[in-house]
Structures are given as structure tokens and as C-alpha cells.
Amino acid sequence: MKAAIIGTTGYGGAELMRVLANHPEFSIHSVHTTRDEVPVWNEYPHLYSIVENKLEKVDSEAIAANCDVVFFATPSGVSSKLISEFADKQIKIVDLSGDMRLRNLDDYQTWYKKQPAPKEVVNKFVYGLSEWNKENIATADWLSNPGCYPTATLLGLAPVIKEDIVKPDSIIIDAKSGISGAGRTPSRGTMLAEMNENLKIYKVNEHQHIPEIEQQLTDWNASIGPVTFSTHLLPVNRGIMATIYASLQKESTIEQVHTLFMDAYKDKPFVRVRPIGNFPSIKEVSGSNYCDIGLQLDERTGRLTIIATIDNLMKGAAGQAVQNANIMFGIDECTGLNFVPMYP
Amino acid sequence: MKAAIIGTTGYGGAELMRVLANHPEFSIHSVHTTRDEVPVWNEYPHLYSIVENKLEKVDSEAIAANCDVVFFATPSGVSSKLISEFADKQIKIVDLSGDMRLRNLDDYQTWYKKQPAPKEVVNKFVYGLSEWNKENIATADWLSNPGCYPTATLLGLAPVIKEDIVKPDSIIIDAKSGISGAGRTPSRGTMLAEMNENLKIYKVNEHQHIPEIEQQLTDWNASIGPVTFSTHLLPVNRGIMATIYASLQKESTIEQVHTLFMDAYKDKPFVRVRPIGNFPSIKEVSGSNYCDIGLQLDERTGRLTIIATIDNLMKGAAGQAVQNANIMFGIDECTGLNFVPMYP
Amino acid sequence: MKAAIIGTTGYGGAELMRVLANHPEFSIHSVHTTRDEVPVWNEYPHLYSIVENKLEKVDSEAIAANCDVVFFATPSGVSSKLISEFADKQIKIVDLSGDMRLRNLDDYQTWYKKQPAPKEVVNKFVYGLSEWNKENIATADWLSNPGCYPTATLLGLAPVIKEDIVKPDSIIIDAKSGISGAGRTPSRGTMLAEMNENLKIYKVNEHQHIPEIEQQLTDWNASIGPVTFSTHLLPVNRGIMATIYASLQKESTIEQVHTLFMDAYKDKPFVRVRPIGNFPSIKEVSGSNYCDIGLQLDERTGRLTIIATIDNLMKGAAGQAVQNANIMFGIDECTGLNFVPMYP
Amino acid sequence: MKAAIIGTTGYGGAELMRVLANHPEFSIHSVHTTRDEVPVWNEYPHLYSIVENKLEKVDSEAIAANCDVVFFATPSGVSSKLISEFADKQIKIVDLSGDMRLRNLDDYQTWYKKQPAPKEVVNKFVYGLSEWNKENIATADWLSNPGCYPTATLLGLAPVIKEDIVKPDSIIIDAKSGISGAGRTPSRGTMLAEMNENLKIYKVNEHQHIPEIEQQLTDWNASIGPVTFSTHLLPVNRGIMATIYASLQKESTIEQVHTLFMDAYKDKPFVRVRPIGNFPSIKEVSGSNYCDIGLQLDERTGRLTIIATIDNLMKGAAGQAVQNANIMFGIDECTGLNFVPMYP
């Protein structure tokens, strides 16, 4: 199958090229951006001699004529405008941006501070949390790929929310992310001299991934109240850790909770639930499509601590996008995603 | 005044030398460790031509005869054994280790997994959270310097705990620390190749600073229940950020909470309460004795987020130790501590 | 084919597992170390659920009976002792250590300060600089894999040394390496707090890779004199850059020199000669088996600057080892090595 | 004395504030930039409550009326335009930019690719390599502060060039710098995601500091030919290491060379010549005004290796600027510069 990639100004587009360069079923047919005629390796020298394409302008006719799938690796606000061009064409769409994730358009406007796409367009998109929505993804033509923070958070919370074992108003997510999530457009805040040896908290209670998390949690369990969600910027390239706190509804043992997670993820190859007492670090998933989960229960406070780690560019973006494309095209979801974490 | 420093295997001892090298009232008389006759600069080449001392074995007689104050910058378990040698001598003691902080000796045994010092020795130590215990510090001969995590946490929580405005069982502290807090003894976990590009959670619900935090919180407000406290290791040298969550007892505005903090810290030169909407990063206090505090209130959940940042080797160790020594000797607490944060 | 790996205390062993885990022809049969019965993932949690082996003691009989090839990823001094056990057995050997690289045993003793292996053993090893010794590698049973610094240096120098276009006594190599090359045994010098925000020069004129470099250079061109070779430790996990200076024998243009390199490497898929004016950085080869080369000529001084970058754990260790194993077993040298550099 | 600082878009201006904030003789009177009325701490939150000034537009009349000295911490091309406004006024000038360093105006145009200042203006500036031009600095009104690379390089080379003990055409300088030298204007190349875990070579043979180095070397020793000078960007905030190679004119011992350096720098408090066999790292001078020098001699090649390290923002910019201002105003050159390196 042939794939087109739109957008290379963030790192998600580059990561898609890293994944698809060796994919046995998908090949990179074309790479699109507003800049034209520049070889891809000029923008990304690490792809020298690997991706031979030149960047091209977006031409929806040509893309749809030549490709089976198009990946939008664009900033928010772009796919909501471009998608209509593809509406009547024979091509599957995977949108990595946040534009099509929120069913409530007012929420989009409130949190993204941008004009939402039309209701009927948004409604056609299936939310691609691969592990928990596989059946719908399998029949989807248009797919909205989850955000990096929501992926880690939701995979960490799914078993306890679905089984209703935590107090609905007790959820606090303290999330930390590597800086590649901030994209490739230069800004003072992402300069090495500013972020190196640093840790910053940002968008306190205001991150646009909050409604995405709450939408899925309440889909699973209508009783769940608003969550507290904090985001910190780490001086590393890749990786997200979500440290999640929630109070148990009733007394349980760590063994019971651990069994719940083991059962929930036993047939889901990209989620690795660690043994009791073992906790994942972000480097242990770096470059791979894994989400690693660790668990701890504090008897003194009755609080559960869930630690979920992913590579924000892989399971949090390009990796999950390809996993979803695999499912959409009826091939094994692991195809082309056998990346061993790169350590050190 | 003349100072002796015991212990250089952690970075606290080296930081004490950095601070005292230019202190107008204290001078470094001697530096002690188990190694003998080695010039200090062999261990710490950055002190070449600055600290001319050779390392000496600990000789309590000589130290007491020559010095006005001795700083213990030793791992836990050392000062509890050594302190008795100084019991009958004319010398003030500042202990940077955790040995003398917990009044409940069972707690020490439980959390430190070591034999505590005798009750009557521990009782003679005054807890040196400079901003909130200044009167007792002023008359102390023996001082127990707070831990790095407790310093950030307690300075962040003091105003709301003392004023009883948060629910007593709602406190969650998600703390992140630079690696210098782990000391200078080589271990796999602190190697650059293991921690670089990494973020690790450790000692989940088991950190020995938990009882220290709870002891002070309940001293301030007996209603406070056990706290949830998580610690993460950052790939940076210095810095602690405590992201603290607590639910308000009753509705307040961010302006009211901010005013509470401004009032609480208005005469405390090393605490900088940031304006509403402005949040401190760890680098903005690096190398200085400041504790910077930011505040946010989430109306959706009724939770307060308090962000407190310090340099773990300064306000979290050597800086606060010298601040306390200043107070103990009746000089201005800021003396010799006018370090501007080093940025970048 | 089945592979055994001996040695996991350095990162070379772990990288071999990362490469072989997905190799279409080789599978990991067993992993050996002095520790026994511990699952591999205990030592390397990133391999959880990927490498299911337990560590085993070295049993040469069993290894030879079960495997087609054994990789030694051991510190210097180990394979020189262990190799004799394999001498009479039907198994190919790839030695990643420095023990079998120097034909002159006195040089080994001088630079490694250890007892060399017997002459007849060393002589049986073929030096595995894949790009320049392919024919001999193809028929080798015992292979000595080049050091990381020599790989970058020799690939950078080969074209000009073979064509005799630089002055034989003018070669200066200023090399910089990520810290994974220093292995996984904890030491003060490799702690994050010591190396982060740092750059260290070490083993000035005394690095054990000097005789390895000179042996190959004089094999290519007997006129080459001793080289100046400096090594610096970078605060990064992976990557080597060799900045090489040499004076031209006679006037040339940068175009002529560039053409020489393009011709030399045109059929060598892992060497990417960059266009004139474009220079490789270490991150642009990270995680891959590429060696990237950049060139500059200074008309003011008549000196050529050659920049060669590799990932020290891949082309400098495990990657080249697998490339050599591919050649030794008669399969395409690129098999299982299609790693796209991980960026960022 | 009162000081004005012009320019805060690079980190040199911020570092001047860090140094002057505690200087016993100079105080910060005003800080100037093209932005107006913004508190300094908005731009540099680490200076919150320390530097209370608001940024002001440049008004040469007011500056000269109120201040004794003005520091230009501006990018190249700015002071060459602004300086004329101060020509007829009673105020000393310290220019940290490269505009006034090259006596040969053609060189300025060639290497900086900008219009030079008028000859008579440039001629009035004294070159402020504090250790070697102290007498001229003492009587200077207008001072041109050396570049960061030239400072490390020239302090490393001075003894051997002045004594004429190295071959005039043999000098190669392989320099490595932290990223703060690149300024604070966002660009792709200085983003954390691009430079972290990276090492880049840049401006090969084309760095504008080359003519500055050669100008001083030939002033000291007319026989010196063009040098080879390479610059690499490190993933650290601060620090320069110049690894300098030169061939000895005649045989010497390392002891003789070391004695030469010890003698040359015995009364120069900011240069620390390390003992034989001991080499400085960049972190060991971080935050201080020291230049540390290490030496090695290779008998195999007859080449001397000189390692010189500085903090590029201190001895390479603000520190040396204040050292020069001290000398210009007749006070001890060390005044206000007793910064102990911050380690770790």
C-alpha cells in the first residue's frame, strides 16, 4: 500500500518516515508540506540516502489517485481545513492532530481556541486508541489518532475506570513529557539553553488534552468527574510519564489490582504491565511502540499510583498511527512496529 | 568564625565549601572524611587553588578546640554515631543528614531501616526550617537541617496548612529531583548512560522524607492526615520541583490564596512567591538559596496546585545549613548567601 | 542461524540483542555472563517481553553444540582467556573486544597493560573493518571486530591514505565519544552528576586504540608515521565524531577530494559521504549502522578536515559485528541492519 | 560606580547582571534594549526580586549623564553603529561584541560579512585580554572585550608563542563550545530537540574568531602562520574547551613546558595551570572566571597538546568584561569575581 504524509514541521512526520521506511506493507509515496521541491534530507539529514523524496505541495487529487492512505502530521487547525478536499475521494485518512478528537465542538473551541471542523466531518472520525477501540478502527475510513498525553493516561486508567474501582472525583494526573512534543518550530521555550538542566510546568489546568481524556473516561464510565491534569516539560527528547493518583472505592490488595491489569492487557502486545514492585522509566520504551505500566498501592492513604510510560513520538503519535493503519487495512496490528527500545 | 566540614562523599560537603569559601564571617578551617592527607582538590578539581586544605580524619577534640561550628554532610547513620563525641564540647553542630530529624524513633527505624540515635540526643536538636522556626534556631546549639524534599514541600504547604484551608486528607505531592541528591557514590542507577534522556520514579510511597514532612505538617495542624508523596529522578544535576495538589475546604479565589502566600512570605527574603499566572522552573533557582513558589486554582475540581522549586544542594542542603548557622550565631540570615541563580 | 552472546556488563551486549531480536537469519539462542539464572530483563528492563532468555554461565561445549556463531561482548582480557575453549569446535567467533586486534603482541601489552593471547590464536583472527576487508571476512571463522574510535577514524582516512594524498606525518585525530563506550560498570567518572554539562579529555596520547589505527594505516600505506589521537568524553549516550586533520601532499580542490571519497564509497551502503558543505552530526546516525563523512579543505593552510560520525554501539560495535557475521555466513551484509537513525 | 548594560537578547547581558548584582564597586544603574518598559525579570525570571530595573530604550545622553561605564552586550553590527553617540561623552565603554576587535577592517568585512566601524573608532579601542594587556587596559577608555574562543585559545597558546617554541605553521585548534554562545534568539539549530544528545561541527575554517586569534598571535610572534581552527557545538549550556595541537621547534620535556606555563601565569589569579598529568574539564570552571590549562607532550610525534577551558559566559564574556572594567577603574582585577565554580 502507498502512503502520503502531510506535514513535516513537527517531529511526528519525521517519525512516520522512520517507521514506514521499513514497513513491509506500506511504502512512502510522497511527503507534503508548504515548502516545495526541497529534498526531504535537507530538512532531516538523518534520512539522507534513505528517503529520496522531495517535499511536495499538497494536491489532494494526486494524493488520492496515487495513495491508499494519507497521514496528517500537521499542527491543530490544518486538517480541519484540508480534510474536506479528501471527503469524496477513495483514500483512508489518519489524522495525528487534535482537530477531530473532540465530539463536543464547543470543547474544541474552548480548549484549542480555534474554529472547529464541521460536526458531520468530526463525526465521521473514529477515535484510534488502538487497544480499546479495535473493532471500530477495523472498519474506519477516517481515523483520529489520540494525543500523546491521553494515550499514556488512558492506557493507565482504562482497567480501573472500566471496572469502576476508583472514586470518580479522585483522579489526578501528573504528566511529564520530553520536548519533541512541542514541535520543531523554534521558540525561546524549547531552546537547549533554556530547557537543559531545567524542568518546567506549563498550561497548568489548561492543557487541550484534558477534554480528550475526560471524553474517553466518561465514555467508559459515566460517573467519572473532571480530572486534575498537570503537564511538565523535561529536558529530554522523547518520552512521557503519567504518574496517576486515584483513591480506591473499597479496600483491595496490590495483587488484585495487578491481576486486573494483567487480564486487561493480556492480548494487547504493545502494553507491558510490569511485575509488582517494578516501575517503568521513559527510556525503557524509547523508540518503541510500547506503553509500560507500573502499579503501587499505598495502604496508609488508600491511594493507587499508576505509572504509564510511552515514547510520545511512537505510541503517542507515529507508532500508534501506523498501528491503527495496520488495523484499518486488515493486517496484523504489529506489522512494521517491532522496534526494540533503544537503550541507552 | 571557623567551620569544620565532615563528609565529602556526597555533594553537600562540596557545596558547603562553595558557599563558605566567600562567606564574610565563616571560614573553612578543616575538612574531614575517612580518607586522609589527600588534598581537597584531588577529590574536587574545581576547588583547585580555592580550597587549599587537605582532607583529615575526624578528630572531635581538635575540631572542637579549633572551630566554632561543625557541619555534618554525611550519609544517614553516621552522625547518629559521631555526635556523642561532641556532646560535652563547646561547638555548635549543624547536621545535614536525616539522623536527627524524626522525634519518633520508631519512625526513623521504619523508614531509614537503621538504628536511631538515643532519644535524649535527638531531642536536643532543633529542626532548621529557617523560615518557620527562626526563634528556636536562634538559640539552638544543635541543629538538624531539613531534607531537600521536605524543604520544598513544607515551604509550599505552610501557608495553607497553618490557615487550615485545605482538606486534611487531600494532599498529594509529586516531587521531582536532580540527581545530585543521590550522592557521589557510584551506582548503576546514577550513571549518565542510565539516567540521561530518562525519567525514573523511585521509592514509591516509601521515601524516608515522608515522616519528616508529616511530622512538621501535624505540628502546624493536627488534623492533617497521611500524605501521598512520590519521587522522580530527573536527568539534571540540581533542582527540585514539588508539584503539590490539595482540595480547598471551601471556595476561594486564586487572588485570596495568592495574598495568603504573599503575606506569609513577605519578610522572608529567600522565598519568592511568583505573581499569579507565573510559574517557577528549577533552573530559575539553580545555584541560589531561593525557594520559588507558583500557584494555580482549578475551579473545575476545586483543587489547588502549588509549585515549589529549590536547588536541592542549596536551599535543600548547604544553603539552608549556612542560613541556619547565620541565625545560630546571631548574624543576618542572608550573610554570604547572595547567590544569583545561574542562568542558563 | 543461532547466536550466543557472551557478556552483558557493557552496552555492546545489549545492543547485539536489540539488533538480533529482529534479524531475519540469526536468532538469539543464549546469553551468557558470570551471573546465572537471572532473566535478561532484570538487567535490561527495556527488553521485558522481548528477550525471554535467562542469563547462563559460559559453557563452551553447549554453546558450540547449539549455536552457529558466538559473539564476545566482553571487556578486554576476557576473550583472550576464553577463546581457547572454542578452538577445536565448529562455531564461528566474532570478538567485539580489543584482545585479538593487534598482531604485534608487544603493542597489546604496552597499550592494554595486560597479557596478550598466544600468537597463533591472534593470527587466526581476521580484522573486521567491513568496508575494506570484505573478502577476507567472507572466509573467516574467527573475526576481530574493530574498536569504535578506529572504525570512525579509518573509514574517514581510508581514501586519502590509500591514494597517498596527505603528508604521512601530519595526521591529527581529535575524537569525541558518548559515554556508553565506557561500559556499564559504575564509576565516579561516568556518573550523570559528574559528566552532565561537562566535556572531559582523557587518556591523552595514551588510548589503546592508537596502535589499532596505526596498524591499519600502515597496512594501507607503509609511509604513514605515528598519529596524534585525542579522546574526549561527551555528555551524551551514543555517538562518536572524529575530527581529522591532515595536510595535503600537493594542491587539490575540495571537488577532487570529494570525488575521491564518493568513488571509494559508492558501493558501500553504510557509508554516506555528504555533499560538499554539508557536515554530519552524531545524532544523524544515532541508532543506525551508518558512518557519515563530511569534508572541508582550508586553502589558507592546505589542511584537509575530515569529519566522520558513527553510533559507537552500532557501526562502532554491535552493528558492524552483525554486518561481519552476515558476510561470514554469506548473506547480504545489510541483512537485519536497516535501522533508520532515530531523530530526535 | 554606576553601570549601564545595553543588550539582553544574548546571555552575555544576563550574565553581566549576575556578576554586577553583587559587585562591591559597580552597581547596575540601567538596562537597555529595543524593548521598553518590560521588567527585566519578565525576560529573565531568575532575576525576580534581584534586578528590579525595567528595560529602557538606549538614550546615550542619559546613560552618559548617569553612569561611569556602559557595557555593550550586543550582537555584532550594533556597537559599530551606536558607539559614535558616546564618542564625545564622559563614560567608559566595554564592548563585548566583535565589532571593535579587528584592526584590519577588511578582515572584519570578510569574516563578519558586515560593514566595519570607522578606522578611527576601531583604533581607539584597546583589546582586553586581561592577563596579557593589563597596562594598556589600565589607561583605556574604550575597551574591546575578547571573544570566547579567542580567550581560551590565546591563554592556552601565549606562553609557547611568546617564547617561540612551536613550529609557526603547525597550530591546530579543535574547539568545543556550550550552546549559550549562540545567543538567545530562537533558531532551529539551538533547539533542545535538535542539539540534545548531539555534537555538531560548524563554520569549518570559517569562524569569525579566526582573524582575532591570528591578529594577537602575530602581535606576539610575527612568524606565526595561519592557524586551523574548528568549532563544535556541545549539548551543554556553558563551557569552552580548546584542544590545541602544535609541534615543538626542538626537543623539550613536559616538565620544561609545564614550568614555562607556571612561570607565565604565576601572578595571574584567574589562570590555573594544572599539575602535569591533570586535565581540566569544562564543568570545573563553570560559573567562574577561571581559565584552566592542562598540558601533554607526545614523544612519538613531538606534538604538544594544550587544553584550555573557560566558561564562555564568564571568562569568555561577562567575567572578563568586569575584570577589564576593574582594571580600567584602578581597582583590584578580582573585585566581585570570586565565583567558585559550580559543581556539579
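We call the chains A, B, C and D, going by the order they appear; numbering starts again at 1 in every chain.
Methods note: a contact is a pair of C-beta atoms (placed from the backbone, for glycine too) under 8 Å apart; a residue touches a chain by one contact, two chains touch by 3 or more.
According to UniProt, the chain labels map to these proteins: A, B, C, D = N-acetyl-gamma-glutamyl-phosphate reductase.
Please read all numbers here as calculations on a predicted model, not as lab measurements.
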{"item": "Chain of greatest Cα-centre distance to chain A", "value": "D"}
{"item": "A-B compared against A-C, more contacting pairs", "value": "A-B"}
{"item": "Interchain centroid distance [CA atoms averaged], chain A/chain D, Å", "value": "46"}
{"item": "Mean-CA-position distance for chain B and chain A (Å)", "value": "38"}
{"item": "Centroid distance [mean C-alpha coordinates] between chain C and chain A, Å", "value": "36"}
{"item": "Contacts with two or more other chains, residues of chain A listed in rising order", "value": "11, 180, 193-194, 196-197, 235-238, 281, 283, 286, 344"}
{"item": "Parts of chain B lying in touch with chain D, wherever the complex brings them together", "value": "11, 14, 17-18, 21-22, 44-50, 180, 196-197, 237-238, 272, 274, 278, 280-281, 283-288, 292, 338, 340-344"}
{"item": "Chain C - residues contacting chain B, complex", "value": "11, 179-180, 182, 184, 186-188, 190-197, 235-237"}
{"item": "Touch list for chain C against partner chain D, complex", "value": "169, 172, 174, 176, 193-194, 196-202, 204-205, 225-228, 230, 232, 234-239, 241, 243, 245, 279, 281-283, 286, 294, 296, 298, 300-301, 303, 305, 307, 344"}
